[in-house]
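Next come two complexes, and both contain chain A; in the first it sits with chain B, in the second with chain C.
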Partner chain A sequence: MKILICIKQVPDMESKFKINADGKWYDRTDLAWRMNEYDEYAVEQAVRLKEQVGEVDLTVLCIGPDQVKETMKKALAMGCDRGVHIADNDSHTREPIEIAAMVADFAKDKNFDIIFTGMQSQDRGSAQVGVMVAELLGLPAITTIVAFTFENGTVQVKRELEGGGKALVSAAIPVVLTCQLGLNTPRYPTLPNIMKAKKKELLTLAVPDLSGIGACQETAACYFPERKGSGIVLEGELPEMADKLIHLLKEKTGVLA
Partner chain B sequence: MKTLLVAEFREGKLRVKYSQLIAFAKGLPTEASMFLVGSPNDLPQFDGTLYLADVGKYGEYNPSVHKQLLLDVIAKEQPDLIVFHHSSYGWDLAPRIAVALKAAQISEVVAIEDGVPVVPVCNAKLRRKITSKTAQTILTLQAGAFGMDEDPVGAPTVVPVDTEARGKVECHGYEAAKIEGVDLTKSEVIVSAGRGVGNPENIAIVQALAKALGGEYGGSRPVVDAGWVDHDRQVGTTGRTVTPKLYVACGISGAIQHLAGMKKSEFIVAINTDKDAPIGEVADVFVVADLKQFLPVLTEKLKAL
Partner chain C sequence: MEFTREIYWNVGHGFTTLAPMYGLLLVALVVLARGCLKRLKVYRLGKPLDRTDQRGERVKNLLDNVFLQTQVYRVPGPGTAHSLFFWSFFILAIGTALIVAQADFTDLFFGVKFLKGTFYKLFSITLDLAGLLAIAMLGGLLVRRYLLRPEGLITKPDDALMHGLLLAILITGFVIEGARMAVTEMGTPLAPWSPVGLMTAHLLGGLGEGALRTLHAGLWWFHLLLALAFIAVIPFTKFRHILTTSANSFLSDLGPTGKLTTINLEDETIEKFGASGLTDLRWKDIFDADACTVCKRCQDRCPAFATGKPLSPMRVVNQIGEIAFTQPEANLIDTVDRDAIWACTTCFACQDICPASIEHVGKIIEMRRNLVLMEGEFPGEEVMTAMEQTEVNGNPLGMGYASRGDWAESLGIKTLAEDSEVDVLYFVGCYASFDKRNIAVAKSFVKLCQAAGIKVGILGKEEKCCGEPMRKMGNEYLYQTLAMETVETIKGYGVKKIVTTCPHCFNTLAKDYRDFDFDIPVEHHAVFLEQLINTGKLRIKTDAFSCTYHDSCYLGRHNNLYEAPRNLIQSAGGKLTEMAQNRDQAFCCSAGGGRIMAEENIGDRINVKRVRMAVSTGAEQLVSNCPFCLTMFEDGVKGADVEAQLRPKDLAEILAERLVD
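And now, the complex of A and B:
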């Protein structure tokens, strides 16, 4: 079986963000970067499938500047066999359809049986790319999976629904699956696997011809929201903050009556 | 300007949140019609055209078939805007329409400002305004961002729609959400643990505070996924929605899905080392502190009262 896992490198969401010079995205300097959390579940599920089936080749694909190779190495250390890096210093300016077109251009002649990806990225969060890849490749797609099994050429998944219920869905391969948090527990790469990963193939490709694709949308501005409401911020020494909080709870709620 | 609203039918019934789509459309200079794969016995209250496909025939989740039904309606109606909920149904279907129409899709709209959609990015720490450059635009609306003060009224003019398209995805029914154990919706005080607790042992610190306040403890999605807190204590879109007198969010950043589950609490206290955490947008009091240090101090003082 041939599996493709599409991942994205994103900043750690605990970072202190600043707006960049053109006011249209966050400033990419001085941030800690990591694998998009939703994609971690995708990598883990692909690796587990390989452990189950055996004869499975896992390709991890990532689009972005050179720095994304660090994140790709983690995917390789988790168990992917090879990496494909589409070198694109402008990846953060691309629209979802452009990213999907790059992935589809790579995948189109490779006959992947399953394409796993996260259901959205933690930074942009458009939740479009995975489904768009499927549409461009003419493949079925199932989103938001929180459980996965594979048997006899069919994937059986559970889709997570609002309210916590789950829908039981299946499809024959080939199929695109987008992963929701909690699908599995992503493994920490062991040191031996981190060392092995250094020897795995990591190919760099150029951005394909995207003429005729995109130019659908434009960011007008990216900014910090106004803090609404009369929130009181307490800072300083712990005992003083605790006293102030207790005072506020007595004053504003009936909870400490 | 014409708008087509996409309503949802799931687990045997029309999802009443369609009123949010109507509320959104009311805010625009537009003529709205609606599309639904649903049942003629469970119709939305809406004075307009409803393009209705029979859910008995086409299924509740059948992406490529729903896509074709919707594309046929779009070809007929020629809407400028096609509006979905940002939901497990909407984010699954909308991008398929975007690809077919080569149209811009703007996801999880929280507001329209000067005619431009606003969406959250980076765990809602930031906002982005996005303009569409295509003749038709697809929007998905964040749950609860648009709402009506009254229940919707009206009776739609139903236009049935059908298709020969067949799908490759099969549905085998549903697994209900487990609602055993504690019912947080009945608690007046809830103290919730988020990722900031760091490890399962620290849940005890959160439980101790809950006890000192006479309430229950809950958790955000990451701690439930990690197995540190049971699912019946999860607060958020895929857990419980709670409205207690007091909600204390400990080490919870305030992801949209969590906020949706608790932002209507009467009084909200957030304890977090990250001053920029989005939970600050709903907190009445924000304590900038490490919960592992602050909670024990607070708990001791409460016990001494």
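And now, the complex of A and C:
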């Protein structure tokens, strides 16, 4: 069995974000980097599948500048067998279809049985790459999975639906799955595996020809949400607070008019 | 008359006495030696470790701990009784040896007798009183063990045998002496030099000489057999502690106190980290189990045990011994139990008080290392998250690394990147950098330094966690990664001196980093500020306040710094009311050993217990010297519902509030 796991390196969300010079993305200085949270679920699920089935080869793929190799090493330490890095310093400017095209270009002749991706990235959050990869490869895609089993060439997953509902979906491999929070708890790599990861194959490829992929979107601007008025906490005895509330509603809203 | 006595009186000094006597002694010694060798084989299951270096220091420890009983009598009551018993029994043993030396050696071969005259009188009364003292102390210990039965004291058949055998040896000794005196010494000026013997002689006075002689001879042989039995059973009973505990004080860890072994992560031949089986431990760890006297001192002081967690340092040590001698293949971690392994705060109270030089903490860390490095296991998901946060942002709180120095904005201090010409580097630590309550401590410290004209610099966003909580939690890999980065960063600036406001950072930079060629002097702020006051650079108003002081484990037991903080409190005008458990007996706040990253969800809360101890002093402020302690106490005053009565404070805050303008 061959499995592909697509991961992305994203800034830690606690970082101090600044908008970059062209105003279309965040500035890279003072950021701490890590694996996209949803991609960690993807890696973990793939490694668990390998532990279940045995004869599985796990390829982890990541697109971005050279520094993404650090994040790839974590995936290798968690249990992926080999890494493929598509070196692209402009990855942050790519729209989802371009990223999906790069993944599909790599995967098209490799006969992967399952492609795991995160449900979305924590920074751009388009949630499109996984499904577009499936479309480009002509594979079924099941998104936002929160449970996964595999038996006799069929995957059975639970999808998260709006309003907390779940859908039970099954599909025969090959299939693309995008992973959501709740699917699993990613493991902490053991030291022997960290050591082994340093010696695993990590191939760097150039960005393939994307000329056939037409641009569909354009990022106009990137900005912080405007600070809106803050909440008010009323204090005091109940009748007093009720009076204050009525006063506020009259003064600032039209609900009592 | 010549003051002496006939050795071998009534039993004879011929072949029929000496041959069986020395024959049996030889048998006893052979049994002893075989028993010891058998155990030695088990110790050898452990990994090698050199504990025969620095012999002078080791011999001194041996003399201190064995002959002076310094560790033993630290605990009044049972400790005192054991020390007195040891000394008196030791005197009796020397007395017996002198008798043998004269009768079977100097007199036999050279006709030299030294047990005579004034020396004999002193010899006689010393041994007599030693015997009495030994019986009294043994009796006291017997009452404690069998009647008072202190909580947690484990009594096994071994103990009955030991008490019985020793008592029998001592009592038969006096009866033999009494019988002999009743026949030979009554009314002589020598008699009063054996007051207990004389009293026994009076009690036996009613018997005729024939009966006394029969009794004497019979008991003499019986006493000899008991004494030889005592020697023979040493390796098979808790008597073995006479050898193992003594040896352990020679083999003890010579420090620095509490310093863990640093795993060589460059060594690619190591495939297994930490300990999951007996053979992963060092031989000393197995030997420790044999040196344990089950005195439960460690257990009595363990904050985890005291709050209902499944950890007893004594039990851990004994479990290691048990599997070593019964099923060495057993899984160590399953035997000890994960919850017990995770419960340790590395407060060092166990190891500090142990009279047997046992190293409890290192064993627990070895098991943690195995769980973390080999299994990726943690006490809870929150700990794993904290580890991951530290990998990404260099702090377990998960705050963005770039904002690490934000607290110092507008304080007029620079990062070393901006200006590296400073008097001291303030290694702020994670809590004082990011935690609101502890930022107040950092600001107070900077204020004090500035008032004293000290130019302080910080690393700002270049600073990372020193790695202490991760290391104590078993994550040696993450610790070493952080340590090497920190060493490189600090060394790069040519820093002359480092001050920390955290005893964990202090301990790590000052001790642990020595393994990474880091030798820049490091001080904890308590010591640094005391010097500033003593040299007149820092002037503090005495403004009376009432407080109690909590000795953090890592400033106290781990670094033996008890007075500097108290001097600071005094110079600020503090009226210090000590908690019952202070200095080396201080009760941990719960956050050491990486527990600051973990939820405490078994048993009672340690911090609340400590806060209650502080409240009972009636003091208004609970002063400590550690960001973890402060955090736990801020939480503890809420848990104990005493927020209005007791205010947790750091030393730096107490002083900064009283700066002379």
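Just so it is clear, the second predicted complex is superposed on the first by the 229 of 257 C-alpha atoms of A that agree within 3 Å, B and C clash if a C-alpha of one lies under 4 Å from a C-alpha of the other, contacts with A are read in each partner's own complex, and residues count from 1 in each chain.
Here is the rule we use: a contact is a pair of C-beta atoms (placed from the backbone, for glycine too) under 8 Å apart; a residue touches a chain by one contact, two chains touch by 3 or more.
Computed from a predicted model, the values in this text were never measured in an experiment.
Enquirer: State whether A:122 touches chain B only (first), chain C only (second), both chains, or neither.
Expert: Only chain B is touched by A:122; chain C is not.
Enquirer: For A:14 in the superposed arrangement: first (chain B), second (chain C), both or neither?
Expert: both
Enquirer: Once the structures are superposed on A, label A:33 by its partner contacts, choosing first (chain B), second (chain C), both or neither.
Expert: second
Enquirer: Does the superposition put A:189 against chain B (first), chain C (second), both, or neither?
Expert: In the superposed model, A:189 contacts chain C only, not chain B.
Enquirer: In the superposed arrangement, which partner chain does A:163 touch: chain B (first), chain C (second), both, or neither?
Expert: Once the two structures are laid over each other on A, A:163 reaches chain B alone.
Enquirer: Who contacts more of chain A, chain B or chain C?
Expert: Tallying touched residues of chain A, the top partner is B.
Enquirer: With the touch criterion stated at the top, can you tell me which chain A residues are shared between the chain B interface and the chain C interface?
Expert: Shared contact residues on chain A (touching chain B in one complex, chain C in the other): 14, 16, 185.
Enquirer: Using the touch definition from the top, list the residues of chain B that touch chain A in their complex.
Expert: 10-11, 60-61, 63-64, 86-88, 91-92, 94-96, 98-100, 102-108, 116, 119-134, 140, 143, 167-178, 188-189, 213-214, 221-222, 224-226, 231, 234, 237-239, 245-246, 253, 266-267, 269, 274-276, 280-289, 293-294, 297-298, 301-302, 305
Enquirer: So in the complex, which bits of chain A are touching chain C?
Expert: On the chain A side, the touching residues are 12, 14-16, 30-34, 185, 187-192, 194-195.
Enquirer: Spell out the residues on chain C that touch chain A in their complex, using ranges where they run on.
Expert: 265, 268, 271, 273, 372-376, 378, 381, 384, 387-388, 391-394, 398-403, 461, 476-477
Enquirer: Show which residues of chain A lie in contact with chain B when the two form their complex.
Expert: Residues of chain A touching chain B: 11, 13-14, 16-17, 19, 26, 95-97, 100, 119-120, 122-128, 131-132, 135-136, 140-144, 158-172, 175, 181-182, 185, 215-225, 227-235, 238-239, 241-243, 245-246, 248-249, 252-256.
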